[in-house]
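In the two assemblies presented below, chain A is common to both, partnered first by chain B and then by chain C.
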Partner chain A sequence: MFEYAPAPESRSVVSIDSSYGLFIDGEFDAAKEGGVFKTVNPADEEVLAEVASAGPEDVDRAVAAARRAFPGWAALPGAERAKYLFRIARIIQERSRELAVLESLDNGKPIKESRDVDLPLVAAHFFYYAGWADKLPYAGFGPAPRPIGVAGQIVPWNFPLLMLAWKIAPALATGNTVVLKPAETTPLSALFFADVCRQAGLPPGVVNIVTGAGDTGAYLVAHPDVDKVAFTGSTEVGREIARTVAGTGKRLTLELGGKAANIVFDDAPIDQAVEGIVNGIFFNQGHVCCAGSRLLVQESVFDLVLESLKRRMATLRLGDPLDKNTDIGAINSAAQLARIKQLSEIGGQEGAERWSPPCELPDRGFWFAPTIFTGVTQAHRIAREEIFGPVLSVLTFRTPAEAIEKANNTPYGLSAGIWTEKGSRILAVADKLRAGVVWANTFNKFDPASPFGGYKESGYGREGGRHGLEAYLA
Partner chain B sequence: MTATAPIGLSDLRSYLHGLPGVDKVGVEARAAALGTRSVKTSSKAKAIDLAIRMVDLTTLEGADTPGKVRALCAKGRRPDPADPSVPSVAAICVYPAMVPVAAAALAGSGVHLASVATAFPSGQAPLEVKLADTRAAVAAGADEVDMVISRGAFLAGDYARVFDEIVAVKEACGSAHLKVILETGELATYDNVRRASWLAMLAGADFIKTSTGKVAVNATLPITLVMLEAVRDFRAKFGRQIGVKPAGGIKNTKDAIKYLVLINETVGDDWLDPAWFRFGASSLLNDLLMQRTKLTTGHYSGPDYFTLD
Partner chain C sequence: MPKTSSSSSKVTPAEPAGPAELPVSVRLSVRKTYKLYIGGKFPRSESGRTFVADGDNVALASRKDARDAVVAARAAQPGWAGATAYNRGQVLYRIAEMVESRRDEFAALGVPAAELDATIDRWVWYAGWSDKIAQVAGGANPVAGPFFNISAPEPTGVVAIVAPATLLGLVSVIAPAIVTGNTTVVLAAGPQIAITLAEILATSDVPGGVVNILTGKYAETAPWLAAHADVNALDLTGVEHAELAAELERAAAGTLKRVLRPDAGRADFTADPGLKPMTALLETKTVWHPKGY
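== the complex of A and B ==
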């Protein structure tokens, strides 16, 4: 193989301050109790910045600012709100290189993904919901749908800015104001987004960003003046939130974990299916709630698929997230790396066969080689629990009925994939899969016009598309 | 291995239609993703020299003259008169009538001489004419023959006829290498490209080539990707390595490097060699030379610093 010379994207396009405050009422401000935490670059463990840790008093201030801004924002004609959203979308496009580099630095994802997937989708989401802002009476939720009020939103670390866009764009388009808490390990792009809001001239208080750990989030969710809670993250935390919110009259949407089945039938386009398998589990280091982490292969093509998959995995390039040729970046945090390692060890202990291509891991930072397990059964923990890393469990099946049964035999139900050249089989199988999204002959494809959300323990409510408006309208 | 098919002629249809399908969206997405690889500095220098060595420098015009062909041969032997470190191209590719001129001009250079044959570019001639065309080219000194398949027969499902023609032309080639042009722009689907690739390989092709350069759609990255997958899988199954030649429409260094990346990440090292991969091109060479000069000197020279053919 001929080696590609290093092709790093320039770090100088983004300037990161040494410390950041909370974004409340249009201003950056230190936390009242003065707490701070550090955010690191997972690729080399360098500290990127110190960030304020919001306490109860800070969350109170943020919610109060959002409450004050709400009547004015809600009363604006939809077309006026749309102008702000269009402006935000354009600024994001203009600053996309800067934001992509920032996202890769703070999250560890390859620049090729933040540049070609995250940022274009972020802008597209704002453009899409900007378009809805003046058409809400025709969205199918009554002739005069009303905003709910103040939305408390909590986003995860796997797609920090994209998940922010999924939350904030529909909330603002429908006339709500928001208090958003980014994940503890990836707060920076949300803080840069705050700057985008200022640049767009968004009225103070419409968007507030409070950074912090789980406590900050818990306080935000429990806040009596929050009318609507939207959370993306683990099923465990989702359950806690559902308990907190129960009986309060708050509206709630949850987008939680997954253990998606990616089903390859013997009449699949094999080369493209292998691409889909790779994309399904190794995209974003497998830090994807809808990742295709359970591969179900029809027995008659098992050898062919496995051999092709291994050959393809040997070409994956792991390393510096800022290198334009990197396919697999860093694991987001030490804690996540520990969990991936632990579950992988359990996979081995339970008798599954582990394989990784030859792959040199950097000395510093958090890294995990792309890994597959064969000989996995439904009873193995690696087939049941969400690993949230670049680890694929391979299972086999003989008949379509068995594939469907295995695919559905999970507490989750976020996504699934079907690979076959037979159109009728796609329709028949998709109909029986209990998953919010079913991809046919593709995987991990996102579009702002398409609703996204789960069955069962993968959560409830839909984000994206016309359906995504419903969660923010009364 | 001989040209004998490892399967019976009557099974051709079920065999070719039993190959895994190609998903259009998927193969195009994969080719586009590989097209974003960033090849810079030292790896770019390496890629440019390799690409020059892979060029089948081509002139296939009704207006070709012996003088033009001689000039092209001189250029192929020594692409940049000002810089002897530039390697020769792989081959010169001309019409059969020009083969004697080219053979004389290339004698002793190590540059191969390819001739298109079999009623290029349409392939619409009786088999005897095609074979005579081939024999004449080989007799005049061509050591590589680029034939076209009968797309009409292929699209009509008459695989046996296409197969037999390739076998016959291969025989007429003698020791000359046979490149089989599938004219993928007329095959319409990626599934057909895959089937035609296998058909040509089963019939004894040494190379499979995308296009004549004379139709609207010539070489593209996804089509070449499908063909690379075919040669990879064919070797895994039958142990014989086949070369690939995209032709037509590859005009600049950036494009050429995308093809090299495609090889690198699909079939690997074994095909990163002029013996197994060629570019059918004419204007590509000057852009490669220009980029090469840019890399060594740090600045671009004007087009007048590079010879026209």
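== the complex of A and C ==
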């Protein structure tokens, strides 16, 4: 591999305050009990800011603000709600470099991903749902669909601003008001989004941001004045939320974990497939619920695919997330790094063979080299459990039926990949895969017009497209 | 729930006509044995238990029967979902024909004529949806890139249903589940009506296992289905007690089942059901493929 000179994106485009309050009723405000926590840059463990930790009283205030704002927001003509959302989309486009750098600082993802994937999709999502706000009677959910009320929304740390957009854009377009809790390790872009709402002149209370840890989220979910809960995160927490919501009559949508099969048939274009495999598992350090974390390769091309994959992996550049050439950034937190390390060690102990390309890890921050395991069986924990890191388990198959059987042999059902030149095989296999999104001869593609969500224990409900409106309409 | 009234409401054969001078021979009617309906067969409960409902001994389903029914439903699911939509539509229409031909039997069980009409019409309504719902609930997505992208609904899988006691209520929960390719385990409250419907299903080309009907006490069997790892969705329409419904919903959370709550807006079964009873039991699958030469 030839050398690249450093090509860092400028940090000066974003100005981070030393501390942030909660965004309630249009104002930033400290937490009532004064709790704060620090958010760090996972690439160097530098503290970026101190953020208020919302307690029960703060969540109460946020929900009350959303409740007060609800009748007015819901009664606004759809065309007017739309214009607020269009404004938000435009402001995000104008501030996208600033927000991309901020996201890479707080999350650790490569700037080329935050700049070229996250931010364009965030703006597009608001633009897409803005257009729905005055067309809801034509969406197929009855002639006079109504908003539900106050939505409590909890988003994860892997795509902080994009997941916020997936939650807030459809909720607002349909006339609901929201209280959103960003993840504990990535609160900053949501707080910057609060400022975007102010710039857009959004009425106070329509969007409220409460930062904090799991307790804050649990309190929000259980709050009696929340009518609708939307959560993206782990299947374990999803189960807890479903239990909490049971019997309350609250509406619930969940977008949870995955263990996607990426199936490579013997007639696949190998170079393209390898690009898809790499994108499938190493995009965003593998912190992707729909990551193609189980590679199923037809036996006859196993050697060829593996050799090509290893060659490609050796060219991946790991390091400074703000460097424009970086392919793999930092692992988001020490806790996540510990989990990736633990499951990888178990992979070795259970008999799978581990391989990583030569890869120098920075001294400070949280890092994990791109890793593959071969000789993996379906019983191995690394083939069953979501690792949520840059770790790929490679299995083989002989027939399409065996590939389908293995692909579906998981409690998850979020996504899957198929690589073959044969059109009829794509359609037949896609029909049989129990997954909400199937990428054929591509992987990890997202679009606001395209519904996303899982089968089985990957959750329920869809985000994106016309389907995404349903979760927010009564 | 079980009553011990006489079977006076049953059809009693007319006195045979004959010369007045001959001794009157009264023909004894042949009664029906009400058993379970699992995998297309009519077994007794493996527990050997029965209870008395309206003077009949009826099978009292156990948790083992519920598990057997899930096995039958799971086995039948791929074949039923894999049948063409046209074929499923014809099978549902055949059910309507069979209900029409058994009007007298349901009438004798106390089903009012208007409810029978509505029941038959509901089967016909859902029969027509089989090959239309995919176009209404899915379609092409205009993504910003050179991709073919399409969303289509698919059945969620095996649906456990706590059914209401009336014939129209029962049909209003079974039909929307099976028309799209789901298979079902139904906990029925009105046992004679439910098993009579099972006899219709058994003679309407509905493959065995697509609908399985268990009679008994749903409070006893429903918790096992709510927690069963091979059940995809739980319909609580027939649950009368909010406390039990909440408990079942909590049990279903363990495997993240799709749950239709009792207040899902279907208490008035004479109203237009809308799409919700079908779409609540569907998954949306979205397939992407690049375009290029």
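Basically, the second predicted complex is superposed on the first by the 473 of 474 C-alpha atoms of A that agree within 3 Å, B and C clash if a C-alpha of one lies under 4 Å from a C-alpha of the other, contacts with A are read in each partner's own complex, and residues count from 1 in each chain.
Heads up, the rule we're going with is that a contact is a pair of C-beta atoms (placed from the backbone, for glycine too) under 8 Å apart; a residue touches a chain by one contact, two chains touch by 3 or more.
All values reported here derive from a predicted model rather than from experimental measurement.
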Once chain A of both complexes is superposed, is A:Ser234 in touch with chain B (first), chain C (second), both, or neither? neither
Quick one: is A:Ala246 in contact with chain B, with chain C, with both, or with neither? Answer first, second, both or neither. second
With the two complexes superposed on chain A, say which partner A:Ser450 touches: chain B (first), chain C (second), both, or neither. second
Of the two partners chain B and chain C, indicate the one touching more residues belonging to chain A. C
A:Asn408 in the overlay: touching chain B, chain C, both, or neither? Say first, second, both or neither. neither
Check the residue A:Ile426 against both partner chains and state whether it touches chain B (first), chain C (second), both, or neither. second
Just to be sure I read the superposition right, which of the two partners does A:Ser96 touch: chain B = first, chain C = second, or both, or neither? neither
Please work out whether A:Ala124 is in contact with chain B alone, chain C alone, both, or neither, and reply first, second, both or neither. second
For A:Thr442 in the superposed arrangement: first (chain B), second (chain C), both or neither? both
Let me check the overlay on chain A: which residues of chain A are in contact with chain B and also with chain C? 441-442
In the complex, go through chain C and note every residue touching chain A. 136-137, 141-145, 147, 149, 151, 156, 232, 242-243, 245-247, 249-250, 252-256, 258-259, 261, 263, 274-275, 279, 283-290
Please output the residues of chain A touching chain B within their complex, sorted ascending. 1-5, 7, 112, 116, 267-273, 275-276, 315, 324-325, 421, 441-442
For the complex, which residues does chain B have touching chain A? 20-23, 25-27, 29-30, 36-44, 46-47, 50, 229, 260, 264-265, 268-269, 272
Chain A residues touching chain C in their complex are 124, 140, 142, 235, 238-239, 242-243, 246-247, 249, 254, 256, 411, 426, 430, 433, 435-442, 445, 447, 449-453, 455-457, 459-460, 462, 465, 467, 470
